[in-house]
Amino acid sequence: MMNLQKKKLYTLLALVALFVILFICNMLLSPYHMRIINLVGINIALVVSLNLTNGFCGVFSLGHAGFMAVGAYVAAILSLPLVKKAIILPELPKWLGSVELSFLPSLIIGGLVAAICALIIGYPVLRLRGHYLAVATLGFLVVIQVVITQLQDFTRGARGINGLTQYTNTWWVWIFTCITIYVVWRIINSAYGRGMMAIREDDLAAEAMGVNLTKYRLLAFCVGAFFAGIGGALWAHLITVVTPLSFSYDRTFSLVVMSVIGGMSSITGGVVGASLMTLVPELLRNLEVGITVGGISIPPLYGISQIVLSVVLIIVIIVRPKGIVGSREFSWNLFKKKKWNTMNQMEN
Amino acid sequence: MKKLLVLLFSLVLGIALTGCGGSQEKEQPKQAGESGGDVIKIGAIYNVTGAQASLDGPSLNGFKLAAKEINAAGGVNGKKIEVVSIDGKTDQTSSTNAASKLVDVEKVSAIAGFSDSNYALAAGPIAQTAGVPFITSGATLPSMPEQVGDFFFMAAFGDDAQAYAAADYAVDALQAKKAYVLKDTAMDFTMNLAAFFEERFKSKNGDSAILLEDTFKTGDQDFSAQITRLKALKEKPDVLFISSGPSDCGPIVKQLRDAGVNIPVVSGDGFDTPLLIELGGKGAEVDTYFATHTCLNSDGEKVKKFVDDYKAEYNKEPENAFAALGYDTMHLIADAIKRADSADPKAIREALLQTNNFAAVTGSITYADGKRVPKKSVSILKVQDGKFSLIKEVTP
Amino acid sequence: MDSTYLLQQIVNGIGLGSIYALVAIGFSITYSILRLINFAHGDILMIGSYCALFIFLSGKVPLVVGLLLAMGFAALIGMLVERIAYRPLRTASEESMLITSIALSILIENLGILTVSAQPRKFVFPEVFAKNHELAGVTFNNMTILTVGVAVLLMILLTFFVKNTRLGTAMRACSENIGVARLMGIDINIVVAIAFAIGSALAAVAGIMLGGQYGRIDPLMGFIPGLKAFVAAVIGGIGSIPGAVLGGYLLGLFEILLVGFLPIEYTGYRDAFVFILLILVLLLRPNGILGSAEGRKV
Amino acid sequence: MLELNNVNLYYGRIQALKNVSLSVREGELVALLGANGAGKTSTLRAISCMHPIKEGSIHFSGTDLTKVPAHRLVDLGIAHCPEGRQVFGRLSVKENLELGAFRRKDKEEVKRDLEWIYSTFPRLVERRSQSAGTLSGGEQQMLAIGRALMSRPKLVLFDEPSLGLAPLIVEQIFDVIKKIKEQGRTVLLVEQNAFQALGIADRAYVLETGTIKLEGTPEQLLSNEEVKRAYLGG
């Protein structure tokens, strides 16, 4: 075992290293590569926050994209420059039409509104179990989408809001990602976290032991939604367009896939899953380039990357049903143990 | 733990391999057109998978066909065109990544793509920031070029143009005084189209000229509720404006006619699909008109050549007007490169802006007064004897 | 609104409900045995309709034969999917199976785009089916009669199979307690394969009827009906066949009546209402209308 | 007849059985005793292939049971009457019994056996078309036993048949088990209710935290101080 001080130091060093690397990347790599790195960051934050509810608390939610949508739209409306707002959203009520916030408050308000939505939807729904809960949260996603499509005055309906300022950059993304990981880590290592995991293991027993089921689930759900909201807002200000289609089933499913592939009840799993599932499809694109070999040209097979990806996904799940990382967690002891092992071997 | 490490390692290895494989392939064609090589790279982002695939697939086919023809004729300014096409996957994240890759990694001279503004508006700004012209072949939201910036062009006319043409036709040719509007609320295209139609129709016939505006959603199958409401109207409309996408127009027309509603139907290019005739059946033969880009049945020389070439290349008829739009977009870009005598994106943009009376399959294209929405003729078509036939071509 | 209008909407609702019910049954039986939410179920529907397109709309075989062939093919695909993707996951968590089904759905849809292209295909039944009838002011065509007729017939057959045959009893036993069912000597693999076969065959019928009513099919056609049928199964009580049927018809009627009777400004909210209904049903009757409480093993 | 050798069984990382060895000879009634969580049910699950074992061997009349899929067990002549009865609540009594004979092809004989079960448990006759979930606990236990017997097993595994039943019913259940043994069937009885089990058993094993602690005849065990203290409340 390593002492706490040392671990803290290592963590700090790793953080510094991360940001130094990001800084160097930012100078050397093309905007395309930085875009992918930023997407990795956003997805890590989204998946880690999803793991808080789905993995650690055992509340299998399919509504994460719904909270992203809420955060994204709220932040977009708040941060939109007044001039643009007057043109794009002329029907906004005065109090909203005359407000232009800077990025940070927009993000936070976006996250808070998403969390409030989670509170409202979660209070009745979180009493459900298992698949029923999954379906109910999926229902919430549909309701959010319909409302966004219909509330023309606020959201421009299906046309979406475009021309957002591209505030999101490497620093916003990765600082947010680190904060998300830290907060989720603190929660699962607190008394609350232990209560949550008790619920996951056996909700009946946990309830019998006096764990207030709904309260714990609601907390996890709201915190998850808060970060989803901010993540959605960051995404929106990276892509610069939000439409109801931006946050559809596909988005929710891809987040859930990342979470399960990495390992649902592990922060490390979330990081691994999100990174892999963001990078791999981008790399698989190279498969879709047509090849000319010895005069015979093979036309590009569009959709092949999705096909390869889904086959790999099925295989991974069959081979490692608990995800790549499982429920293990990264720890500095990992390195120490390894060193210790090799030393042992040498002695032998 | 060991198993885990092995798995992770093999995954990383696999990724690295596919990554390398990809980059190796790409090294074969020589680097970027602007640096004086003998190819000019043109990017294409189309949603060839996912919900948009039925529109974007034909567009890409048309686009590639045109590139092939240009190369067969010796290329542009002695250089071959190389189309680098990436699938947008009907997903905004994927589409923006694709645009970014084309601009930053492939260093293309221009990008074409999309038939829907949702994606064009996401990918466009990236090209704009990088100073690479982006020409959307099929998206028709007229405000896009203004919203995105001076490197954004449209190859198709705006929704306003086609809706105005449809409204004018209803008022002038069909003598309509009162209209009924049915629109799909799930698409920005249909919402805009209906809004522009109503604006024009009201300006000609007064504010009370729209008797009822009813709605449905893409994929609805049963329109009996809407039809019942239409029939219950006290004052009968003279024209029905149906703002729908390609998948819904057939069933709507069919159900309208089956229910005994024989009032003329007018619409936009959403109706420009074989599905209108196949599914609308006899219903579509009854006074069904729509405004669109071109009539692929017409005897025009350019249209005929395009249809024949497309058939020869892909063994099928062009699926819809988007195929022609993709084809035109490639030729439009090639024309600009020729005039600019350069593969430099900024020079191409300048040349594009000067496009005047460029003869395309879908009508002649002119970017007048610095506007990047083309002044283009609109064709009014009618269903007749199981075919589309051209009623007239109007130039707004 | 007059009663003819209401009646007309009810007839329309029953037509749509029949399709939902057929798909919902498949959801329900696979769920009841494996606790699997099979998101790929809707894509089996798509496969069935394409199969029909290639077989009987070519006009070479009689309709009934074509229908049976399409059902058989879909059943085969269903069993294949189960064998390859789901069987290795028998002991895995519900989430793993859910993700697998999502991956399968992506796989099938993209394979579809690759093989039959994304272009929608015309899917029109012979002229006779478009013939309209009018009864007491309500119009409906032969297609609707066929849809409802086939759906009801299949549901009766299925009920008979489940209630009165050895395999049917085994299936019910498995849906209650798979472990003990094995102790009785029931081969779970066979039962699960049959469940998938039945579900897939019914989905194929639904796909064909859907194509026939709408006139077109495309590789992505299965997702929305799949999702809706899943909602129907949950409303009715997932795991119960009568529940799936009831849920299907209720959902079909509810959707059509919402569009028919809501003020125009609110018809756009239809899907929101559908899912709010779902959430309400879940809250008031957490196991659906006809579902019985799931035994929880402590 | 049944032979377990050094069986180790894990649930995830938790070891439930450590080197369990036991044997049941033909015609014997062997009781397996132990407290809650001692591994009794795990032993039965291992025998009936419901959970794979990590090490060791299980043989039944020469057949290696670890290689047999669970549903073939009845073919070999093993019936498992599971803990907590686990009748199919939504199926009728008759259907439950018929499922017991699921793999049997001799229809006439099955009918005869059905009549025999009805005559052994007259209370099931009047409820034959009722769904099993509506039966009382005792009736469900009888149904579960009847269901197990419908496969004409050579060896019957009982898992806590007395659990949660009224003393009078327990008495009846044990009478039935005794009768089954007297018909020449072999019985492995898992029980917490050690006193009653020892009353009818030929031999018994005592399990404690996954290992066999004691083995012997009822007389030997009843006189063992440790057993008395731990299981007989003495």
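The letters A, B, C and D name the chains in turn, as written, and every chain counts its residues from 1.
One rule holds for everything that comes next: contacts are C-beta pairs under 8 Å (C-beta built on N, C-alpha and C of every residue); 3 or more make two chains touch, one makes a residue touch a chain.
This is a predicted model, so every value here is computed, not measured.
With every chain reduced to the mean of its CA atoms, the largest distance from subunit D is reached by B.
Between the interfaces C-D and A-B, more contacting C-beta pairs are found at A-B. Computed from the mean C-alpha positions, the centre of subunit B lies at a distance of 72 Å from the centre of subunit D. Centre to centre, using the average C-alpha position, subunit A and subunit D are separated by 50 Å.
Remark: subunit C and subunit D have CA centroids separated by 41 Å (rounded to whole angstrom).
With centres taken as mean Cα positions, subunit B sits 33 Å from subunit A. The residues of subunit C that reach two or more other chains are 110, 113, 268, 270-271, listed in rising order.
Counting only residues that touch two or more partner chains, subunit D has none. In subunit B, the positions touching at least two other chains are 48-49, 185. Every pair of chains meeting the contact definition is listed here: A-B, A-C, B-C, C-D.
If you check the complex, the residues on subunit A that touch subunit B are 30-33, 35-36, 39, 149-150, 157-160, 162-163, 166, 235, 238-241, 243, 245-246, 250, 272, 276, 279-289, 291-292, 300, 302-303, 305-306, 319-320, 324-326, 328.
Interface residues of subunit C facing subunit B in the complex, by the touch rule stated above, are 5, 8-9, 12, 15-16, 110, 113, 117-120, 122, 124, 130, 132, 139, 210, 213-216, 218, 220, 224, 256, 259-260, 264, 267-268, 270-271. Chain contact summary for the complex, subunit B toward subunit C: residues 48-51, 53-54, 57-58, 185, 212-217, 219-222, 224-226, 228-229, 246-247, 250-251, 254, 258-259, 274-275, 278-279, 281, 319. The touching residues of subunit B, counted against subunit A in their complex, run 4, 7-8, 11, 15, 18-19, 21-23, 25-26, 28, 48-49, 85-87, 89, 91-94, 96-98, 100-101, 103-105, 117-118, 121-122, 125, 130, 141, 147-148, 185-188, 191-192. The part of subunit D that touches subunit C in the complex is made up of residues 48, 50, 69-75, 79-80, 82, 86, 88-91, 95, 98-100, 102-103, 147, 151.
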